[in-house]
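These are the structures, in structure tokens.
Okay, so subunit A shows up in both of these, paired with subunit B first and subunit C after.
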Partner chain A sequence: MINYYFQRSARAVLTIWVVITATFGMIRLLPGGPLAQLEAKLLRQGVPAGQVDAMLQTYQNVHPDKPIEVQYIDYVVALIQGDLGTSISRNKPVMTIIADALPWTIFVMVTATFLIFAIAIVWGALMAYREGGAFDLLSSGASIVLSSVPFYVLGIALIIVFGYQLELLPTGYRSTSGIDPESGLLVFILDALDHAYLPILSMVLAGVGLQALAMRGNAIQVLGADYVRVARLRGLSDRRVAVRYVARNAILPMYTGFLTLIGFNLGGSVILEEVFNYNGIGYYMFLGLDNRDYPLMMGIFLIITTALVISVYIADLTYGLIDPRITTGESNETY
Partner chain B sequence: MAQTHQPDDPIATLEDVSVTYDDGTSFVLDNVSLHVERGEILGIVGESGSGKSMLASSLLDAIPDPGYLSGSITYQAEEKTIDVLELGQSELRSLRWEEISMVFQGAMSSFNPTMQIRDHFIETIEAHNGGVQAGMDRARQLLSDLYLDPDRVLESYPHELSGGMQQRALIALSLVLDPELLVMDEPTAALDLLMQQSILLLLRELQEKYQLTMIFITHDLALVGALADRLAVMYAFDIVELAPKQQLLSNPSHPYTRALLNSTPNLQAPLAEMRPIEGQSPAPINVPSGCSYNPRCPLATEECRTTDPAMDSPAPEHSVACFYWEKAQWEIELNYATDQPGGDHS
Partner chain C sequence: MKPTETDGGERPSIVATATGEEETFSFEYDDDAVELTHRERARELFDELIYKPAIVASKDRRTVIGGLLFFGYLLMGTVGVLVYPAPTSNQVDRSIAPFTTVDAPLGSTAVGEDVLSMIIHATPEMLQMIFAGGIFATGIATLIGTVAGYKGGRIDRAITSFSDAAMSIPGLPLIMVLAVVFRPSNPLVIGVLLTINYWAGLGRSIRSQVLTLREEPYVEASRTMGVNTFRILRKDIIPNLMPFILVNFANAARYVVFTSVGLYYLGILPKSVENWGLQLDEAYKNAGALVADGNLYLLVFPMIAIMGIALSLILLAQGLDRVFNPRVRTRLAGKSESNADDAEEQRSTELIH
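Right after this comes the complex of A and B.
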């Protein structure tokens, strides 16, 4: 048991280390990268060569004159201290940008993922209870249609309808400029919610169908299980059978998927936030790509990967708590 | 045990009970009539797909959807007669488990995998408005009677118990509300031979201690032969022969019963004399007209093909659905010595 936790922790740390190391290598391998471009630009502008080198070193933590292993150790030490280098395009430490952007992305994505699962569980269970009926057929069809529409297409459609035509909700940005926590917490929260409705809605609409179908399948399987029949014959109330027997056993297999989906959705924020002009980490990731701002890209890439690793790690560690059958975890690793 | 029967005290009576699917086109139970004596162990034997499980489920009015159950099933409670098929939802709920209880095939899948055994007992007691304290005391007693350690078993999750332990825990669960009649549908099918035997012994002890009436359904004639007081043989969704165990084993009268016995491995019969039954048992959609066994029966005549034989009685308490049971006794030889006590058959 202890051994299992230790293994899982070690593996999580190892994964993050591999990502960090790969990032280190990639920065140095990328051809004609931003540094070369910047160097050329600065030199053309007549900045002295020594000064250019010094500037380049402060961006990126790259010190080309040092031996590679020293560079590597410096890089890792800087990362551990929270120093991800400086964004070239924004001229700010990458960590500052991420610290500002990450809470917004987490807010949108975690809320969306929670909603996806909450709705999918109820919807899927209802479909299973009415398997073969009109509700089930219509719902299954709707689920498949919804899951086949990409969330960014939905997002654009929602912006057009709710933002431009009905003018009910803002068309972008994470808050109205000028409104911040100082202008009253409630005002700020309501404003933030206003801006979050459409991104969350597009994620939920596009994501809920697939999960509802998964829940439907699980619930149908559980409904056919002997223990449900025996429970009914034992005289248990329908409500108790639905909650303790059907729901519990049907939701269990979805738990890991739920946590990993949070991680994946954080990564998927790139397109969503671009569509909604929402200044989260995905938005800055795109900005970094657009401007060949490698420190920014790499920093956000590291954060997203770490978030995914952590969510898988949490799923692994906690699955044993919710499913009594998994005590050693050997048969139910997430990845 | 046969002599301990009070012959006119049936605990359950089935009359013309049928179960149909597909709007009455396929019969999975075809006009079965049967009475169960209070305090007896009735063994019901039949091959797979002969309707045994349907018969068991019928007693609790628990036919899987969308089956349709017709006929009449009466249950004789201590002071009143209950017409099982006329009961409303809540009355049916209290009949089940409080009066008639059931152990299903496959104990492994009869417990909720995410709940401790204890919670299964508690929720059952609570669902029937019983006192939890007294009920759990009874549960502990039952588990001890079944040679389980109550504390350990109650704290366990189903997967932490072996197959035999789960089976015994399930039997305890079925008896926790002190039912009169226990219906067991292949309760030992998933267990090894040693565990089967020890469960049979335990069932016998339980039956005596708690004055239970038991219906034991199995495909394994040898197994039930050791336990039952009376045996019923099912073929093609109906009972074809019913007799006290000794009588049935020493003097089987239906051609199918005789063929079944000849196909059952036993120590007194040389392997070379074992006979499979030719042909296949019918599917529920095209049961042969007349006697359902006629296509496979060596004695079948035109009468068998057109008329369904009524129950005849070769001996007291012995009934058989065959026109030619006398001929069958002569012409279909048994491959074991009939003068041996039937109990040795196990």
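Right after this comes the complex of A and C.
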């Protein structure tokens, strides 16, 4: 058991290390971009070359004159200390931008993912109980159609309908300008919710279909299991069978999916937040990509990766708690 | 068939020559019998590969609709491109409403491009991306998953750690960073790039399938006979995984559609080719004006194109699952041997993003 935890921890650390190393390599592969432009501009303005170099180095954590391994160690040490460099386009430390944006993204994505699973579990279970009936047929059809729409397309459609045509909800941004926690907490929360409805709705509608179908499949499988039949024959109430026997076992395989989907959706925030002009980390990552602002882009990439690695790690560690059958340390014979 | 032939033919004559430690061991048939089995096997193969799947597929509405839809896109991407003129500005009058003229059945943009033409000419690249991405993702996943699952031990741990690491890197941001670094323009390369870490999750589920398959008696028989690993994988393991792989090919293809359209929409991939995402982007840039002028069709038609191809792929993935389910096949092909009324065995539904 200890061995299992150790393995998972080592794997998580290893993954983050691989990604850090990859970003280190990629920054050096990147075409000149804004730095080359900035350099040329500063030199034209008559700033001494040495000073220009020093400025550029503070921006990108790149010190081309040092040997590569020293550069690498500097880079890793800086990252561990939470220094992700300075954003070129925003002229702020990347960490400050992320600290401001991350809570919004997490709020939207965690809420969306939670709703996806809550709805999918109930909906899928209902479909499974009425398997083959009209409800099941209609629902399965609806889930397939829903999952054929990418969330960002749905987002655009929702903005057009609710934002522009019905003018019920804002068409973008995470809050109305001028409204912040100081203008009354309740006002602020309601305003933030107003802006979050459509992004959350588009994630939920586009994501719930496939999850519901997965739940339906799991539940049908469990309903056919011998222990469910035995439970029925024992005369247990339908409610007890449904909750304690069927639901528990059908939800189990979806648990890991839930945590990894949060991480996955954090990645999807780049498109979602661009569509909604929602100033979360995805929005800033897009800005970084668009302006060739590499420190910003790589910083957010690292943060999103870390979030995904941590959620997979939590899923791994806690899975044993909710499913005692988990075999620790698979001992498979080698062929 | 004469009994004598049966005796000599059907029963394998086991030739075992013991030369020191080495032991050759083979199953041999008479020539006559080989001919017979060839014909039989051809019929059996036809039964297994064409007749039964066709029956099951035609019984399942999802596969039929999905197949027809996808075939439509294939036609659009091959014949349609040749027949229908490519979009250029001012090829028709500007801002024609849809369904008013045959010159531009789906209307035209503000610079006089035919919307239908834009949609049609975006298809070939999309199909190339789908196939490149699908083949890359399922190919790598199959290789990694079967080797890891079959070999076990240290190789398994190494591969699993590697693919777990790849799996915990968020796909979309990684693809975006790579797209910015490498600026790919070839649709085949883009397809591969989009599935750069999609194979990891798939490889893991293939591995767990192999873990059960490798305990099957016929695999054990091959192993005892000293057949080498790659031959066992190719002959015994992978054929049994084909259904699962094909279903996931359709899922990977859908992922490629969603991601590529998203990246074109964001303008991260180079604008060298037509793409529905570019159309969306163009139209959505002035969404306010679109609503005011009633020009929503500019947004709606590319959306329908995206949904259509995604829908066809989902339907195929859902329906194919049944086509390859042996119990359903046997029942529907009318060759039920055992109690085919058994509840349909559901293939464990993996989480699909």
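As a working rule, the second predicted complex is superposed on the first by the 324 of 335 C-alpha atoms of A that agree within 3 Å, B and C clash if a C-alpha of one lies under 4 Å from a C-alpha of the other, contacts with A are read in each partner's own complex, and residues count from 1 in each chain.
In this text, contacts are C-beta pairs under 8 Å (C-beta built on N, C-alpha and C of every residue); 3 or more make two chains touch, one makes a residue touch a chain.
Keep in mind it's a predicted model, so treat the numbers as computed, not measured.
> Sharing subunit A, do subunit B and subunit C clash or fit in the superposition?
With subunit A aligned, subunit B clears subunit C, so fit.
> Quick one: is A:21 in contact with subunit B, with subunit C, with both, or with neither? Answer first, second, both or neither.
A:21 contacts neither subunit B nor subunit C.
> Check whether A:289 is in contact with subunit B, with subunit C, with both or with neither, and answer first, second, both or neither.
In the superposed model, A:289 contacts subunit C only, not subunit B.
> Contact-wise, after the overlay, does A:144 reach subunit B, subunit C, both or neither (first, second, both, neither)?
Once the two structures are laid over each other on A, A:144 reaches subunit C alone.
> Contact-wise, after the overlay, does A:153 reach subunit B, subunit C, both or neither (first, second, both, neither)?
In the superposed model, A:153 contacts subunit C only, not subunit B.
> Return first, second, both or neither, reflecting whether A:231 touches subunit B, subunit C, both chains, or no partner chain.
first
> Between subunit B and subunit C, pick out the one touching the greater number of residues of subunit A.
With both complexes superposed on chain A, more residues of subunit A are touched by C.
> Could you work out the angle between subunit B and subunit C as seen from subunit A, using CA centres and rounding to the nearest 10 degrees?
60
> Can A:254 be said to touch subunit B (first), subunit C (second), both, or neither?
It touches subunit C, and subunit B stays clear.
> With the two complexes overlaid on chain A, what is the closest approach of subunit B to subunit C, counting only CA atoms, in Å?
Superposed on chain A, the two chains' closest C-alpha atoms are separated by 9 Å.
> Report, in rising order, the residues of subunit A that make contact with subunit B in one complex and with subunit C in the other.
none
> Over in the complex, which subunit C residues touch subunit A? Could you list them?
Residues in contact with subunit A: 62, 150-156, 161, 164-165, 167-174, 176-178, 180-181, 211, 214, 223, 229, 254, 257-258, 261-262, 265-268, 280, 284, 287-288, 290-291, 296, 299, 303, 306-308, 310-311, 314-315, 318, 343, 346-353.
> Any idea which subunit A residues touch subunit B in the complex?
Of all residues in subunit A, those touching subunit B are 225-227, 229-231, 233-237, 240, 244-245, 248-249, 252, 323-325.
> Show me the residue ranges of subunit A that touch subunit C in the complex, using the header's touch definition.
Touching subunit C from subunit A are residues 11-12, 14-15, 18-19, 23, 26, 29-31, 144-145, 147-150, 152-153, 156-157, 159-160, 164-165, 171, 210-211, 213-214, 217-218, 220-221, 224, 253-254, 256-257, 260-261, 263-264, 266-268, 270-271, 274-275, 285-286, 289-290, 292, 297-298, 300-301, 304-305, 308-309, 312, 332-335.
> Under the definition above, what is the set of subunit B residues touching subunit A in their complex?
On the subunit B side, the touching residues are 60, 62, 64, 93-94, 96-97, 102, 104-106, 109-116, 123-124, 127-128, 157, 159, 173.
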